[in-house]
Structure formats: C-alpha cells, structure tokens
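Common to both upcoming complexes is subunit A, partnered first by subunit B, then by subunit C.
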Partner chain A sequence: MDFTFNEDQLLFQESVREFLGNEITPERLRAAWDTDTGRDPALWTQLAELGLAGLTVPEEHGGLGMNALDFVLLAQECGYVALAEPLVNHALAGVPLLQDLGGALAEAWLPKAATGEARIIAALEQNLLVEDAHVADLLLLERAGQWYALTQGEFSLQHNASVDPSRRLFTVTVNDAVQPVASGDQARRLRLATLNRGALGCAAQALGLAQRMVDMSVLYTSDRQQFGKPIGSFQAVKHHLANVAVRLEYAKAPVHRAAYAVAEDAAGAGQAVSQAKLMACEAAGLAAKNSIQVHGAMGYTWEVDLHIFMKKAWALANTWGDAGFHKQQVAGHIFADDAVLGAGATFQ
Partner chain B sequence: MNLQYTAQQQAFRLEVREWLAGHVPAQPLASFDTAEGFQQHRDWEVILNQGRWGMVTWPEALGGRGCDLIEWLIFEEEYYRARAPQRVNQNGIFLLGPTLMEYGTEEQRARFLPAMAEGRDIWAQGWSEPNAGSDMAAIRSRADHQGDKYIINGQKTWSTRAVWADWLFGMFRTDPESERHRGLTFILVPLNSPGITVRPIPQLDGLPGFAEIFFDNVEVDVSNRLGDEGAGWAVAMATAGFERGLMLRSPARFQETARRLIELYRANETTASADPAVKEAVIRAYLDAESYCLSTYQTACRLTQGGKIGAESSTNKIFWSELDQNMHATAMSILGARAELLPHAPAAQGVGSWLDGFLFSQSGPIYAGTNEIQRNIIAERMLGMPR
Partner chain C sequence: MKVLVAVKRVVDYNVKVRAKGDGTDVDLNNVKMAINPFCEIAVEEAVRLKEAGVATEVIAVSVGAKPCQEQIRTALALGADRGIHVEAEGRLEPLVIAKLLKGVVDKEEPQLVILGKQSIDGDNNQTGQMLGALANMPQGTFASEIKVEGDKLNVIREVDGGLQTLSLSLPAIVTTDLRLNEPRYASLPNIMKAKKKQLDVYTPEDLGVSVTSHVSQLKVEPPAERKAGIKVEDVAQLVDKLKNEAKVIS
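Coming up: the complex of A and B.
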C-alpha cells in the first residue's frame, strides 16, 4: 500500500506548474477569446516541446509512455490556469483511445500525436456538444453505438457559443460516406474506458480550478479593506473559504485513486471515477459560489479574472457525465445486492 | 503508487479478524456511561491487552506490536467490522499516550503507559472550565508549586468519563501573575486524591457521560508534571492535535455507519424513497465516508514515508464530525416516527442504535475544539488569511 506519488511525478508537476504559471496568464487567455479558433497555436507548440503532447503516447511511437496516474497532477495544473488548449482531452482520452483502436490508424497517428503535430480529440455521444472539434486533427467520435475516426472534411460543424469564451463547442455531423472504425461490444468497451478517462480529466482540472479560486479569494480578501481592515479578517469571510478548503482537501485522494484505477485498468475504475468527479466538481462548484461572494460586486464583473475559472468549473460539472449520471453510477453500486461495502472494502 | 495491500498487511488483517472473532463479546456491552458498563468495558480492555491488541502502534516493549499507520488502519477496519466494544480508555491510549511518548520522562512512561494499555488506569481530560471553553487560554484553575508538591484549587468541567475514571490530565495555572498561554502547566492528577469532588453531569441521553471536578487544596507530587513548568500550552496543543487527528477518528467508524445507513435505506425503501432528498443523502454519506478513508490512507502513507502533518489536518475534524451528523440525521429521516423511540419501547423493533448515535453526533462539532474554531484555524494557518 503506497498512496503517494513518486519523485518523478512530483518533479514533473513542479516544472509544468512553473511553466503554465508563467505562460498562461489571464491576459493570454483573454487574448485568445478574440481569435477565430480561440486557440493559441504557439502555446500548443510550447506544450508539445515540453513533452506534454506525447506524454501518454507509447515510447515506440515517440512518446513518453506514461499513463493517467502520471498525468493526473498535470491535469490539475491545467485546471489551475484554466488552460484552453485541448491538452487534457488529447493526452488523457484521445491518445489512449487511439491506442485501444490500434491497427493502421494508430500506427499512422500516434507518432504525430507524440510530437503534437496532431491533436487527437475524443468525444462521447453522451457529450451532446463536442469541445474543440474545430481544431481536432483526428476526431474520435462515438455516434449511435459506433466509433468514427474523422479528419477535417469528413464532418461538418455547427458552432454553439458558450458563456465561457474559452470553450468552443460544436454539434458534429458525420459525412454519409464515412465508415465506423469500431462497433458492437468493442465500441461499448471503448465508450466505458473513454468515459472514465474523460471524466477523470474533468475531476483533476476541477481540483486545480477550485484551488485557483481559493488562492484568488485569499489574495483579494487580504487586500480589500472595509471598516478599516482587510475583509479577510472577518470571520464570515474566513469561514466561506475554510468551507471550500475542507471540501477540496477531501476531493483530492478520490481523484488520485481514480487516476490509479484508470492507469491500472482496474475493475472498479468506473466507480472510482464517478466518485472522484462528484467530489471534485462539487468542491469546484462551492469554490465558485463562495469566491464570488467574498469578491463582492467585483466578482460579478467581466473585468475581474475570477469568472474565467468559475465558468470553467460550472461547465466541467456537466460534461463527461453530469452529477445525475455519476450519482446513478454510485447508486447502482451501493444499492446492489452483492455490494461489498463498509470498513476494509475500499481497496479490496 | 500502489493501492494494494502487501501479503504481510493481508496476513495481519486476517490475524486481527481471527482473534476478534474469537474474543469480541457476543452481546453488546452496556453503555460505558453506566457503572456496570464502565466495568465491562474495562474488563474488555484487559482481554484486548492480553492478546497484545490494546495499542498495536506502541512499541513491543510497551505491550504493543510496533505497527505502522497502515496496519493501524487495517486493525481499526477489522475492529469496527467486528463491532467490538468502544474504547473506554481512549483518552489514555490515543491522547495522553502519544503525548507521554513525546514529552514524558523515562520514569513517567514506564509508570503510566503500561497501566493505561492494560485498562488499569482510565484517564479523563481536564481542559475546559466554566469560563474557559473555546478560549482555553482563559484557564484559571491554579496549581501552586510548594516544595515537591503542587497544591491545586479550582474547577474543571465537561470532563468525559471522569465519573469513573482513575486519573485526570489537564492544564493548570502555575504562575498566578501570568496571562493567557503563558504560565500554564500540564499535570497528571489521581482522581482519588483528597480534596477532589466529582459531580456527574447527565448528557442528552440522561447518562452521566461527563462531570464537573472541583479541586480544594489537592496535593499532587511534582513528578506528575508533564513537560516543563509553564510550558503546558505546547504540550496540550500536541494532545489536542492527536484528538482532532488521525488515530482517534479512524475512517472505519464512518464507513461502517455509512454501510449500515445503506442497509437501513434498503430495508425501508418503500417509505424512505418518498423523499428523494433521503436517497441523495445516503449516496452523499457513502461518498464522504469513502473520501475520508481515501484521504486518511493518503495522509498515512505520506506520514509513514517521513512526511509531516500540516495545518490541513484541521480540515479533518470538520469533515468527520459533519459527516457523522449528516449520516445520523439521515437515519432519523428514514426511521420516521420511530426515530425518537428508546430501544426498549415496544414499537422500537429494528431501530437499532441509531438514536444513540444521532444524539452523540450532535456533540462532534462541539468537542475537540468547535468547528468554528477549526474554521478559524484553517483560514488563518492553512490559507494564510489575515487575523
């Protein structure tokens, strides 16, 4: 039993945090809002140069051969800066799915994924709208119980504007002539695996977002004065943020356990992911609610950066399975006749 | 990361399970807040200690097994699964014990540790006073140093299990000129000393689970001082840390409550499902209890690898106490009109011990430093907000 990350994983997190912290400022995020794609090709190149695009690509295809457990702390850091580039989908969902599909498709695309030359985006039928379909070099799309591997030109897109200008969402129509690459049982298995990976990515980013909102709120309330002192010295304000800290603290281990279960392809991975996503998105939701409150009217403005993180947190709660979906998953487990629950059951 | 138990850990689990299966009393013991139940629980500690299961994390020389924190968690899981009796000497083994190991002299450790492990000495805590609750630094009870004695005068209150306990550890003002955190000293007091009056205080269930203690020129040998004179605050903070922390509120307790809550819901589903909020609360209970377990394991692994516990440990006390309160409130909703019935009421069949647990869960956010005080600590020390 060892529930800790190793030195390498922690060092990698450290260096990615530093990079993202320096590069992805709210100003840079805002600048991308006004561009056509909303994406920042120079930034994607930088991420690829750091090895992040190829992180989960097998070594024989030019990647680092790492897994969800190696990536989860990095996904948290992506959340912390509200990264808009589709790195989490690419590394955690797209690339592993491509590997699972295997064959000539994987042979052709994995090397390009490793260098960042190709962005691989995975999307489930369940995710009504597809994020970043417009910048996908290879879109792995589930429709009507089948998987399609699509390049630009093999589908058409309709843009759906989001309240979060960083999010680019599309309805996708697959051209008639295109044939699926997986169907039946295989497609179902791929859906479950992809759902776990995508939802894990949301959960990890939600942890980062929640932490960011707490940090911003602590800074703001330490600085802003009313009644002759910093508002952060008032107990009502403190307790708002302490409440977030409590929920956030207890959402971390579930997310890390889920990453482990996904990496190990464990039988209970689906359960672990549902629990993680519920805990993490709930913590992020509370962080948003309490952070805007302690910011006062400032928090309600377009100008102050808080909304960048709030909007992302709100959106993540409803993608890759909303709370209702994941609670159903948990309920299915705990109310089953043969459920093994209680003390000692967690790691069995 | 490797979330599998080692073969050794699994073998340890089986050993605990087997021993408990052969020794846990078939009938639940009477409440340890009664004279009869207190004695039964004391007797149980003797049996537990004979099997060397009294305090598995203690060194072998002290009757323990030198277990690490992971084995401790496994032990607790088996203990709660087996529905073994509550630990009547928990103040001693979980709170004073670790404090003695850190601050006690060789002589004090030899004198007190084995006796508490064997259930011979049951300890009560004496921090709170009528005017020193959340504000513990307002302690006024005095211990005047005269020769090789302290002469104690004053009053402690809310002292759990003091009605039948043998000893009390607590904090007293040794420097009458001092204020607040200074001039306080940690002293161990035999409760049968002349000049002590213990007045039981009935709790919500009507039983005298805690007591007021009056000190009238009580003489205590200076060798009963733990740590230096005037350094009591630092010693007490270590003890309080243990109380909020890891060992006393093992996840197993809450996971078993969550499991029983799920069972209760299923057994009463036709009526309980009328309120969708109840099902939601049951799911919530399971999620939170599991998260508490996962976090505890993660912390335990970090600590066994030499990590330090930080200010984030204050989140722990809020999390488990609110979880416990929510779970029991949910059980009350499921039981509906039967929830308020005492166990011997004719219509109380199937209500189990939920009422007792519900009442007790109301105290969790109060004792061991109220949750408001914990929130202040989190905001100031963990988040760094201005004072």
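Coming up: the complex of A and C.
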C-alpha cells in the first residue's frame, strides 16, 4: 500500500506554498482588517488565476476535477499563511455541495466557481454565525433541516464582532419568500457530507497554523539571547516546541487519512474526520499556548504577528463542530454495537 | 518568430548556502533547487512576446544533469511550448554551456535567444556574451526593456549612470536584468499541461560539443563571519577608532 502523496499533489503544494508565501504577508493581512469587507479582491483574483478556485470543480465545468485528497495539502498551506479569503470553504465545502445539489443550480454556478467569478460558501445549521456571508456570491445555507441556495438580496445580515480581526461573522436571516433547494433525507445526507468536508478543511488549516507558530517560535528562540545564549538552547524552552512538533507530526496522518476517506466517500469518513479535527486542533492549540510561552511577554502584543495565527487556530477549533461534538462522533463510532475495531480494521 | 530561452537549475534564492565540510564545493544535499531568477525573467519575456503575437514558439533549453528537467517543466508551466534538455554531468563552465547552447541554436535556428544575465550560483555573467560570439549574433545584455520592430530588436540596457538603447538586427541575443518584467506564477492547470508538452533530450555528442573543462574549482569557503560590534564611550573614542583601527578617516 502506498500512502504517500503523488508527484502532482506535491508539485501543487510547492507551487501554492511559493505563491502564498510571497503574496500573503502579515502586513497584507493586517491591511485587510481596515477595509469594509476585510477581504482583498485582488488576492481572490490571484488565487483564481492560479487555478485554486476551480480545483474541485468538475472538468466539464472548467475546473480541474480534483478532490479532497488533492486539496488537503493546499488547505494546510492556506493555514500556514492564515489566509483570510474563503478559499477552503469554497473549494472543499461549497463547490462539492453545489455538485451534490446538482441540476440547473449546479449547471449555472459551477462554471462561475471554476473561474473564481463566484464564491460559493457553505454553512451548516450548527454554525450559528456564518463567516464570509457578506462576500458569498452563492450562499448554501442549512437552516431548520433544509438547504437554501441564496444570492445576495435573498438574505439579510447582522454583523457580529470577532476576536480575530481577519474573521467577518454574520447572523443570516433568510427572506421569507425563498424556497429551500433540499429537504428531508437528501438534506440530512448533504449535511453529513458537508460537515465532513468543512471539518476536514479546518483540520488541514490547523496543521498549517501549528507549523507556522512552531516555525515563528523556533526563529524567535534562535535569535533571542539570554545569559549569552539563544534561549532556544535551554531545555525548558526547546521542550515546549518539541512537544508541539511531536503532537503536530502525530496529527498529520489522521488528517491525510480523513482526506482520503472524504475523497473516496468511505463509510467511516465521519469518524476519520472527527478524529483528524480533534488531533489537528489540539496540536494547533498547544502550538498557540507554547508559542506564547516561549515568546515571553512579546507573544501577547499586537505588534508581534503570533496572535494572527493563534486567534485563527482558536476560531477553527470551534467551527464545523467543536471538540465536544467531534469527541461524541468518535465515541459513537467506538461504542457502536457493530463497531469494527482493532489492528485488522485499521485500513478498512 | 521562434524564441529560445535558456534556463538554469540553481539553489533556490531563499536558501542559505553552505560550503561542504571539505571545502570542495557548495553542499547541495537536501537543498531546494529552483529556476535561476534571471532565467525566470527570460521565460516571462518570451511568453509575453508570444502572447503579444510577436513570437510563434517558445523553446526552453537547459544544460545539466537529469534533474534539470524539473526546471524545464517549470518553464513549460510558465508558458513555453516545448523543452530541450542537453544532458551533461559535472561542473559545466560558461564556455561549455555556451558551446552547447550554440549547438541547440544551430539545430533550432531561433530568431531570438533570451538568457538571464547571470546565474545566482556562479555569478559569472558570461554565457550570453560567449554565445553571442560563438553564434556571431548581436547581443543586448542587461536588458530592462525589449521591443521587436520589423526585423529589428530595440533593447534598452541598464548601464552605469543611465539607460542605453540599442537596435539589433535579428537573430539576436538578449540577457535579462531584474527590471525587465515581473514573472508570473505557474497556474495549477498549466502545471498539469506542462507534463504533456514535448521535451527532447540531447547529449553533447549529438551537438558535436566536447565538455572538456578549462577551469578547476580549487576551494569553496563561506565569507568571514562579522565580528561583534562594540559600544564606544563618546564621540572622541569613536573618531579615534575610525582613524586608528578602521582607518577609514585620516
């Protein structure tokens, strides 16, 4: 069995890393905080030109026809730079949901999603506050067990402040005249599939965020001197970061496994995603905590970029299902009467 | 118009290079390699000429060991139409590379050859000029702007104290300066397409060129480490040190 990513997937990751690393600096993120939308239209255009908006759109609609496994490494890179644009939601949750809804709606919107002309945002009922609803060209919203496909004007928004200035959160009220596009069993199936994709996107971004915070901390502790030595040379400091590195390394395999399960629409995808999100967000949470510790008082300040990544990690931990929710999902799997557990079931 | 672009595989510009322990060469183990930034500018310019309808075909050529094909694929992803790899092992000095490129020029007969003005590893700044001499073609080096007008190529060069504009008859050679353009990123669909583009492999023998080296590299060592600074007590001490230790004022 070959569990490694293929040459194309790694090449895409490298290309996207180069682009994001060059283009999305903390200064650019900070500049967007002061704008009305908090979003950078020029950046979205660049992402679309790179082909990222159409990555998961089927080829017949102008996309690359790729899946969650192809996108997971790219989502990690998005996390690494704390990308504020709603690319992960669009490519990993919105576009696949639109495909699942099918029909005239998909025919009309998928080509626009492929070129980046339209941002497709998906939001579950449990996401009471919807991120990026204000820039969604098509908002696929679950409310009261039904799915709505909404364009601007078909819903009203009430802004809610966030501790993370990169996040724009809204309470969404659907206009009375709008009819749902899915309900009943179909809506429930779509809900489960979308939950898995959205939570997977969070998990992958959390891996990137954790890595970024470790990298920042290693850089800082290699530079900052005390008693004539870099503080990173002291056990009490470097062990903090080593613990994060270990936690992060152990979280990678579950996230990649979950991406495979989602891409293959495997029966155990829900459990795999819940495990992945728990482990990745725990790694990111530990990275945030320990990075603050090793930065000392500097880590708390607005001027140091650490808080940008830390706040995003905190936010991701509580969207698309918080830790309690995902622990229950895993418990439900383990304690089920027909649970298939043990070494022999690892790759089922 | 057919345009030939040379691309070189070098250590990525973000990597801090280290000398090997025995001082024989730069340590390339597990080091990220990339297309030379000046060559990337050359590819971008060629692709822009094609997009403007001036060039009909852009060919990316690289000389070196097999991994150079990665950089050719990058050039293809950026918009080149096909690639040529001249497979040659070992350290290749600029004259050898220029001779091999001359062999490719003889085969392909391009109207324009664009190269980076230098590579960021060797910093030789010789290959383009040598190729110009070997191929008996006019050259515009350190180009910051080029424009094809009929059978002429106008090149604006960055020279000490200003700009120089040359008019070259085609076929010609151009080497790129940093300000010629800002290279694009390869899009993901184009990275996929690049894998299907034609890539021909030649040996130096195919081109009738001997890769005999005339230059031996004797030693590679890192620059001397900068000494820690000191705080001076007052201006008088500063002046004294500048005068007697640094000897920068008299």
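One rule holds for everything that comes next: the second predicted complex is superposed on the first by the 348 of 348 C-alpha atoms of A that agree within 3 Å, B and C clash if a C-alpha of one lies under 4 Å from a C-alpha of the other, contacts with A are read in each partner's own complex, and residues count from 1 in each chain.
The rule we apply is simple: contacts are C-beta pairs under 8 Å (C-beta built on N, C-alpha and C of every residue); 3 or more make two chains touch, one makes a residue touch a chain.
On a predicted model such as this, the values are computed, not experimentally measured, just so you know.
After superposition on subunit A, the partners subunit B and subunit C are seen to fit next to each other with no clash.
Judged by the touch definition given at the top, the superposed model places A:Trp109 against neither subunit B nor subunit C.
In the superposition on chain A, A:Gln275 makes contact with subunit B only, not with subunit C. Of the two partner chains placed by the overlay, neither subunit B nor subunit C lies in contact with A:Trp320. Once the two complexes are laid over each other on the shared chain, residue contacts for A:Phe155 go to neither subunit B nor subunit C. Contacts of A:Trp44 after superposition on the shared chain: neither subunit B nor subunit C is touched.
Of the two partner chains, subunit B is the only one that A:Tyr250 touches; subunit C does not reach it.
Using the contact criterion defined above for the overlaid structures, shared-chain residue A:Phe19 touches subunit C, although it does not reach subunit B. Within the superposed three-chain model, A:Phe3 lies in touch with subunit B and out of touch with subunit C [touch as defined at top]. Of the two partner chains, subunit C is the only one touched by A:Leu52; subunit B is not.
When the two complexes are superposed, the chain touching more residues of subunit A, out of subunit B and subunit C, is B.
Of all Cα pairs spanning subunit B and subunit C in the superposition, the closest are 11 Å apart.
Shared interface residues of subunit A (contacting subunit B in one complex, subunit C in the other): none. On the subunit C side of its complex with subunit A, the touching residues are 185-192. Residue ranges of subunit B in contact with subunit A, taken from their complex: 1-6, 9, 13, 70, 74, 76-78, 80-81, 251-253, 255-256, 258-259, 262, 265-266, 279-280, 282-283, 286-288, 290-295, 297-298, 300-302, 305, 312, 315, 318-319, 372, 374-376, 378-380, 382-387. Residues of subunit A that touch subunit C in their complex: 8, 11-12, 15-16, 18-19, 46, 49-52, 54-55, 64.
In the complex of the two chains, the subunit A residues touching subunit B come out as 1-6, 69, 214, 218, 221-222, 229-230, 232-233, 235, 237-239, 241-243, 245-246, 249-254, 256-257, 260-261, 275, 278-279, 327, 330-331, 334-335, 339, 341-347.
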